[in-house]
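Each of the next two complexes has subunit A plus one more chain, namely subunit B in the first and subunit C in the second.
After this line comes the complex of A and B, so read on.
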């Protein structure tokens, strides 16, 4: 009994600790700058002051940034999952020669910091005429995310029951048909989780979009948030307003898909 | 359950299709316009907020430019400081480069790009349009870079449009309450702080975790220094003895001020933002920081009267030109860029910059109407007229900012003696000198 309560209490404390930053951001997002300067960031605001949010929205054309982020993250999520499935099918089920080494290469690719990739990618995209386009981000992140996806999926598919595939083969299904009719439907929970992770990870990417999306009309949400951080000055209330706007879509997305997510995570555990 | 799943797949597919469609027809318009088709375009970037002094003045400059250049479209984009800082080199090396942009002055920024050949040499335009006559010598320092990309001499690669300097802001209400007069000498300054300490008030808000503390340290060193010392330290014209009278005095005085209670012992962990907020909240009578806080103080302090004065007893102060206009080598319309810079240097625009709380470089002080702005600009004129801008202590070596933050934190915490701190900050400076071959 005591143990049960202590777990509950520690979870509650943990949840509170996680939520405090969100609470502070929300508090300051609806505070006027004067109030912030006079009373500091932790007091309750004197009134609802939504100018910061509205002004930020208009200043950076937030609707446009949302669309760019949605476009890039959505495309990357779908394309990276497809690419990962194709790769993983070859590596995990197809068992191509030298697959261990290929997997090692993918693993190493995962550990590469983005800073190391910047210059090569910059020159490639400039040569291909893709510098400062959203397409460049979609291609780059599709590859980056599918490196992880391939690594993960290949080990999942490596343990795919061969009896099922053999049965399908006896029934006359080719490799292509087996992939789309058997492998993909059965591993759908894992794929949905990957899709959601890819979406959220790409949504939150800052560094590469900062470098590659030069024009304001191509920029994503996290890059737009950077506009508020100056050389020596920061605008705390407007930064909070922008942070709130920036984090909301990811939270909404998470809430919509969280059942898929928990199902995908627990699917292995039930087995 | 399966409804949710179908919905998800449908949503994602819709997004993907839209993505492909948008990528397909988005390309041509994203490409840059060429001179041959349509009206000419001036592509202008800066990263000042629209309601700040520079933002307001430059918006007016854009209007005037459009009026005097019919048929030219100004395509202005407000950029993120971080984006320009991270990727200016890459942008300027591509054909996405703007025609004119605001960029950070200094060896590691404008100096580096000039060395890489990414910036246009503005020397002929400067002479032709007389910009050099509008700028005092210490403002010109940050506009000129030599072949090694070191500022101070050589060709013009930038034009500063505003300036900044470090001053003492004070809370008039607290000064009155404790019957303290505005100090005019260094002794009066310390006497004023003694009065506050006796009354149980910590006099100075200090942000030890960021730039403010090192600027106080530098102000103290400057009180014992002459121009040649600054030239030696900043422009490598000669050797600097870190155990010489200037830095020794600064380190010992700083440590002493913490002991006397002028500076709170816990300030080592305070950020600049928190320092400013605590001053605006009326908790401290004094804060020593730069003119970049001026606009915010002016718009956000409502509960008390405040003012500013130069660091008492100093003829020099930390300060410099603000960021500079640069014209990328790859710019397509350099002539338009020069015309635009010329407009921002005009008296009208400069006066507007001054009236909005900025420090103009070529304004007419008599034309400034706002009394507080007048005080700000008159103090600057006093400083720059006496060739008193001494730049910032973290400029001379790459990564020196963090060295100084750590050093001054040790002084405030008392974890190292002043002499040890001087050794600590001397080493990276000497290493950089060796790298430069001096």
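After this line comes the complex of A and C, so read on.
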């Protein structure tokens, strides 16, 4: 009996420890600076004090940062799924010649560190007048994410029942029609998992957006928060508010997409 | 949408038609065209350019000057370069090895113990708590901990102060910076193996555990002789993906320490960033990035090889 509960209790304690950083940041984001200097960071705040969050929000135009992140991540998710489907259709269903080598290219592209691409991309985007635009991030991440998507979808579509496609061909459906009317609807569960993963992965990106989005009005949420670290203007409660504003969207996505994510996380494991 | 109902089509109509195989084998390359263009511009050309740049001295403006392998010989003699890889090893321990071991124990306990005695809902609630840090952008995870470990107003010093400990600059002290970053990365990473391993355990035949339990096998023996062999594929995947993630770490280092103090938390990724964008040593930065790429490709090939051998044995 004691043993039965001791395991559960130690696992629950560990879970609590994992959640403590979230709680600490939340507590101090809603605490007034006076309360902080009087009682320190560990006590319960003496009331719900949202001024720090509001002030930080206005100072960095957090709404604008959210919009940039949404725009970039949303566009990348949709475009990368489309690109992955097109590639996987040619590789998995069409079995084009040389597909093994094409797959190797996608696999290598998927494992390449961004450090090995960043300087040429930076240079080329300046030449093309795309530096410091959200469009540059959309193009680059669409390609990077679709490398993974192609790799995954090609093996899924490789097992696609050929009878269905043959029957469609007899009905006079061309390759495009077969793709949009048959392959895409039937693969929808896999595609929606990919869509969500691409969205969240792009939202979480830091390295390339830090380098490419230097002007304030283009920055994404993680970049805006990252470059403000150590800013002398930020006091204890406002720093905490900034951390909370970084955490909240991620937790909201987690709650919205939880089912798909836990179902699909094994899919993502290949990345 | 009314899906075509090909299966319902009478067989008689289909039989006389020749199987339209030939029609479907040609012409699919058109679908690869958009990617061919985009991958050339975004991946292939930049990657080759980076390799080319690594053989030159270049400030990012003007013409690069050809150096041959000088950047690489300089690199292998550079103490900071080796230090960055030693720190990277520490992060592999923190992000791949520790989370895999702890994740195995947690997943097995949740699945075999908690799930059975307290129901699957308790197990999945605990799993969600372990997984929550994983949903954060890794830079934001760094910001959260940067606040907690802040020398002046952070909660960690306040908490340890309750026990009479002196306040410490966790991330500013060369002796503590790397262990602090390691701790943060363990916190960040641990949920991922738990989720993957629990998903893998769903596959395992419950009869195996029941038989072992009837034979009086201890928890430890069941863990060692059933759990681990059964989810071996997942263990490889987790080790590979986490090792690569550790080799690529940048966000937390940028946010927490900028590689400091005195290079105590310098990693190759940040080292190349410094050379590219702070020191304008583009050729040297490109050489670091190229070595990092080779290392990642070698690690991937090694893991795939081991996995392949294991598959053939079983």
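The rule is short, and it goes like this: the second predicted complex is superposed on the first by the 209 of 271 C-alpha atoms of A that agree within 3 Å, B and C clash if a C-alpha of one lies under 4 Å from a C-alpha of the other, contacts with A are read in each partner's own complex, and residues count from 1 in each chain.
The rule is short, and it goes like this: a residue touches a chain if its C-beta (ideal position, glycine included) is under 8 Å from a C-beta of that chain, and two chains touch if they have at least 3 such contacts.
Everything numeric here is computed off the predicted structure, so don't read it as measured data.
J.: Report for A:156: first if it touches subunit B alone, second if subunit C alone, otherwise both or neither.
T.: neither
J.: Classify the contacts of A:77 with the two partner chains as first (subunit B alone), second (subunit C alone), both, or neither.
T.: Touch partner of A:77: subunit B, not subunit C.
J.: Looking at A:185 after the superposition, I want to know if it touches subunit B, subunit C, both of them or none. Which is it: first, second, both, neither?
T.: Once the two structures are laid over each other on A, A:185 reaches subunit C alone.
J.: Could you tell me if A:236 is touching subunit B, subunit C, both of them or neither one (first, second, both, neither)?
T.: Touch partners of A:236: subunit B and subunit C.
J.: Once the two complexes are aligned on chain A, which partner has more residues of subunit A within touching range, subunit B or subunit C?
T.: After superposing on chain A, more of subunit A is contacted by C.
J.: Let me test your reading of the model: by the given contact rule, A:134 touches which partner, first (subunit B), second (subunit C), both or neither?
T.: Only subunit B is touched by A:134; subunit C is not.
J.: Once the structures are superposed on A, label A:59 by its partner contacts, choosing first (subunit B), second (subunit C), both or neither.
T.: So A:59 only meets subunit B here.
J.: Looking at A:226 after the superposition, I want to know if it touches subunit B, subunit C, both of them or none. Which is it: first, second, both, neither?
T.: both
J.: First (subunit B), second (subunit C), both or neither: which does A:210 touch?
T.: Touch partners of A:210: subunit B and subunit C.
J.: Could you tell me if A:33 is touching subunit B, subunit C, both of them or neither one (first, second, both, neither)?
T.: First partner only, subunit B.
J.: Across the two complexes, what residues of subunit A are contacted by subunit B and by subunit C?
T.: Comparing the two interfaces on subunit A, one with subunit B and one with subunit C, the shared residues are 36, 40-41, 122, 207, 210-211, 223, 226, 229, 235-236.
J.: Flag every residue of subunit A that touches subunit B in the complex, lowest number first.
T.: 33-34, 36-41, 59, 70-72, 74-75, 77-79, 122, 126, 131-135, 138, 188, 192, 195, 207, 210-211, 214-218, 223-224, 226-227, 229-236, 256-257, 259-260
J.: Give every residue of subunit B touching subunit A within the complex, in rising order.
T.: 1, 4-5, 8, 12-13, 15-16, 18-20, 22-23, 26-27, 30, 47, 49-50, 77-83, 86-87, 90-91, 94, 96, 104, 211, 272-273, 276-278, 280-282, 290, 292-293, 296, 299-303, 323
J.: Residue numbers of subunit A touching subunit C in their complex, please.
T.: Touching subunit C: residues 4, 7-8, 11-12, 14-16, 18-19, 21-22, 24-25, 28, 36, 40-42, 83, 86-87, 89-91, 93-96, 102, 105, 108-109, 111-124, 139-140, 142-144, 146-147, 150, 163-171, 173, 175, 179, 181-182, 185, 200, 203-207, 210-211, 221-223, 225-226, 229, 235-236, 239-240, 242-243, 246-247, 250-251, 253-254, 258, 262, 265-266, 269-271 of subunit A.
J.: Please name which positions on subunit C make contact with subunit A in the complex.
T.: Residues of subunit C touching subunit A: 1, 3-4, 6-7, 9, 13-14, 17, 19-20, 23-25, 27-32, 34-35, 38-39, 41-47, 49-50, 53, 60, 106, 109-110, 113-114, 117-118, 122, 126, 128-130, 132-133, 135-140, 142-148, 150, 152-155, 158-159, 162, 187, 190-192, 195-196, 199-200, 234, 237-238, 241, 244, 247-248, 250-251, 254-255, 268-269, 272-273, 276-277, 282, 285-286, 288-290, 292-293, 296-297, 300.
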